[in-house]
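Take a look at the structures listed below.
Next come two complexes, and both contain chain A; in the first it sits with chain B, in the second with chain C.
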Partner chain A sequence: MLQAIIKVTFLEGLRNKAVYGISLMAGLMMIFTVVLSGMIMRDVGKVATDFALSTATFAALLVVLFVGIIILARDLERKTIYLALSRSVPRSNYLVARFLGLGLLQGFVMLLLLVASLITLVLVKNMYARYFGAVSLGLVAVAHLFVFVQMLLLTALSILFSMVASSPFVTFILTILTWLIGSSTQEVKLLIESAGSDKFFPVVKILVTLAYYLFPNFALFDLKATAAHGLTLHAGKAGFALLYGLGYSVAVLSLALVLFKRKELT
Partner chain B sequence: MRRLTSLIPWFTALCGTALYLYALPLATVKKSQQEQLFTIPANFLRVVSGQFKELSADVSFLNALTWLGEVKTQPDTHRYRPEQYEWLHNTLKNSVALDPYFLDPYYLMNSALIWDRYKLAEVNGLIAKGADTRSWDSMLAFFAGFNYYYFLDDNDKSFSYLKEASKRSGGNPFYDSLAARVAYKANKIELAIMYLEQQIHELELQGLQNQAASLQRRLDLLKGIHQIELAVESYRKLFGKLPADIHELVKLGALVSIPKEPNGGSFYIDSSGRVKSTRLFSRICG
Partner chain C sequence: MIIFEDVCKTFQLERGKKVSAVQCLSLVVASGEVFGCIGPNGAGKSTTIKLLLDLIRPDSGTITINSLPSRDNASRARVGYLPENPCQYDFLTAHEYLAYSGNLSGLSSSIIAERSSLLLEKLKLSQAANRRISGYSKGMQQRTAIAAALIHNPDLVVLDEPMSGLDPLGRKLIFDLIAELKEQGKTVFISSHVLTDIERLCDRVGIIVQGRLCHEGQVSDLTMPLEELFLQVVADTGLDEVK
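And then the complex of A and B:
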């Protein structure tokens, strides 16, 4: 039954028209990247990599926001959840299967985005071989993996928010706010630490520190600069980021399970 | 209709997200119709760009580049108005603040700001910082070294960056000769000799005998100059004036013999007491 729910979630996601729209947007951005590369002076490979990876991140984010959230919301709204629960599927199994199905969908989308990114970059490399720089296609692939782990975590968070939010729109807002804050807290913390002690009120420092530890640090999964400049990716840091992402996802999903068990389905 | 209305918040949210992620970087540099140029502070941009910092750096740079392509040149000696220089400077500074590894903004700073002598110390400081960040890049180290020497008269820093450029380029003789030249101009001839000896040693180890031979001539030249300058200094201390020529030093025994000029020219003492070569002074040391 678990496998069936995973499969249904994956197929339901693929059938969602938003996926086609997002794919079209990503495809157009990749074509734009090739066109744009001709305008760059020397660091052509770097700019092409930035655009390709930013497109991949943005598209993956849209999949979480406009496909993942909707699938779960529809289940509750249209009461289709009873189809599974009435067949004596434990609530926990149902939610985990939904998460895995969404993860599978996200993985499939990331694979497509990786292929599109690599085609774009190979094309740019052939056109401007002299100015392609130290871009590492291997690291571009690793960067996509990190985006995937990041989006798994965000999916887990969106599931958690859907357990407490009154409507899918509130879930959407909470998810995107968490992503925006989680992507910036590291930068804000660094900024405050590097500024003089008298520049910020102590309460601001406390709030920033609190946000830094409360929200997931999504900046850990951002490997754009590393891939674009062919910088060294330290195995320890990379391993930590992956474990952090997966560990955080499991913790968030566990909390969502607890809430889901207590949720009244009317 | 109800279905359509229910889509409005989603549509608004989608547009808002797209606007935030893609259009915001465009606002990093904004030019109004009246050319009231302003830029958003780099720190603020770093925070709001989140995971799209690099993209924002690219957009800032492209904005500066396209603006440079569009702007009309001014009839005076400087190409742009002061506020235009300021805007260009801030935009490129934002670009490197968002992505310190990005080469193109540094390159543009060097060609559009440094050569127009705009905020030389600050702009070259950014280029030098870029050279430190891009620890593999010989070009930025060369730019920084050259600017310190030519525009800012800071021979110590110039020598240091040119030496670094040479090291990063795998011993490019062009950087080597520039570094030696800077060291000579700074009256640090001993430093130049040491530097060339080290470079020759490294080239020989790499089996690059031709390049080593070329540097050896330069080294012999500097050693000859150094030897004569020491004798001139002794003469000055003894007699309180400069010698009439190098032969006088030989006559007095301050020099055993006149060193051979390796490039076929001859050494002479100028009016300030510095030793130069008739053949290569203007090319190497001038």
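And then the complex of A and C:
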């Protein structure tokens, strides 16, 4: 029963034209990365890695926003959800299976993106071996895993939002806002802390600190610099980020479940 | 057996307005009975059905299916539901959709194959079964939804306007299908505006007006055509416009 719901969710994603559009865009960006690498002379590897990972992150984000959110919203809006819930399928199972289905879809897309990134970087490396630098392809792969975990968390958040939002558009906006704020709080907090206490009003400081703890810290999952510079990734740090992402997802999903169980499906 | 006991449901509208969709509904549908639920548009028929299936929750009162409270998922283990204006996962083919529907009730793939080819045959959908539902006409979608509701051979079948969008041939098919369910001893709860069908198919009818059950009785006890009774009951309530 869980499997059937997971499978249908995955299929809906795959048969959605948006996924092809996003993949096409990512492919073009990767080709552009190869072309661009020919025009610069220094740190080719760093630039190419940064580009490839940014593309992968952006494409994965689009999948959450334009495929994940749409799938859930349509299910509620068009009442296709009735088929499962008018049987003895518990609502908790339904929501978890939906989440897993979206996760599977995201994982599949991430795998494609990883292959595209690696092909791009290997091409660039072979073409401009002398300028390529210390990029670690292993870390590039790990970076994709981190993007995946991050998108699982964002998917869980979008599910939570769709339980409270009055329309898919509101879910969409809330998800984007969370993404933007969650990706920047760490940087802003560091900036304010390093600038000295007299530069900013105390209110700003409090607000930033509040945002830092209230929103998920997506910067934890950003390994672009680490991979591009071939730095070492500390196991402790990496483990923390993964546990943080999964733990946060579980917590958010549990909250969504509580709301879903009480939701009126009119 | 379905029991509604003093069930009330009010919807909150914008700016604090309220609609009482179902008011103090008490109703018993016995096992093996075919019950027809009729009433004007906006009377609360679909709301009653959604309450029964725990898609929405009553403000007060209790509902039980075979002595299990409707809030218990197990009460719906042997239930098939056709929603009004049904919508399917239209990226699937009818075959895939029926398989999904069967899997939700834990059927094995061999039973799914057997039941779905039987139902597709009965509903004259075999030809289209491997095409995506998104390319189906309204009536074909309605038929697919009916097949999906019956794939697991449910004991309680809840049909919300099963005849909507169907051509005369389709209506005849569904009519025969419901008659067959009746023969098999299934409990059937139908909401419909096609009173002639209700009259011929149902053992008992209930007329709901403005959320209240205004009349209830055996079809065999009717002293006038159902339509006449319907108009009379509605006129008695003084209703002249849908809420």
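Please note the rule applied: the second predicted complex is superposed on the first by the 266 of 266 C-alpha atoms of A that agree within 3 Å, B and C clash if a C-alpha of one lies under 4 Å from a C-alpha of the other, contacts with A are read in each partner's own complex, and residues count from 1 in each chain.
Keep this in mind: a contact is a pair of C-beta atoms (placed from the backbone, for glycine too) under 8 Å apart; a residue touches a chain by one contact, two chains touch by 3 or more.
In this text, all values refer to a predicted model and were calculated from it rather than measured experimentally.
In the three-chain model built by superposing on chain A, chain B fits alongside chain C with no clash. Draw one line from the C-alpha centre of chain A to that of chain B and another to that of chain C; the angle between them is 170°, to the nearest 10. Judged by the touch definition given at the top, the superposed model places A:Arg15 against chain C, while chain B stays out of reach. In the superposition on chain A, A:Ser184 makes contact with chain B only, not with chain C. Set against each other, chain B and chain C differ in how many residues of chain A they touch, and the higher count belongs to B.
Of the two partner chains placed by superposition, only chain B is touched by A:Phe51; chain C is not. In the superposition on chain A, contact is made by A:Asp222 with chain B only, not with chain C.
By the touch criterion defined above, A:Tyr82 lies against chain C but remains apart from chain B after alignment on the C-alpha atoms of chain A.
In the superposed pair of complexes, A:Lys205 makes contact with neither chain B nor chain C. When the two structures are aligned on their common chain, the gap between the nearest CA atoms of chain B and chain C comes to 15 Å.
Touched by chain B in one complex and by chain C in the other is not one residue of chain A. Residue ranges on chain C touching chain A, taken from their complex, read 11, 50, 53-57, 73-77, 79-81, 83, 85-89, 91-92, 96, 99-101, 103-106, 148, 152, 158. On chain B, the positions that touch chain A within their shared complex are 9-10, 13-14, 17, 20-22, 43, 46-48, 50-55, 57-58, 62, 65, 99, 101-104, 107-108, 136. Chain contact summary for the complex, chain A toward chain C: residues 1, 3-5, 7-8, 11-12, 15-16, 78-80, 82-90, 264-266.
Residue ranges of chain A in contact with chain B, taken from their complex: 36, 39-43, 46-47, 50-51, 54, 57-58, 61-62, 65-66, 133-134, 169, 172-173, 176, 180, 183-184, 187-188, 191, 218-219, 222, 224-225, 228-229, 231.
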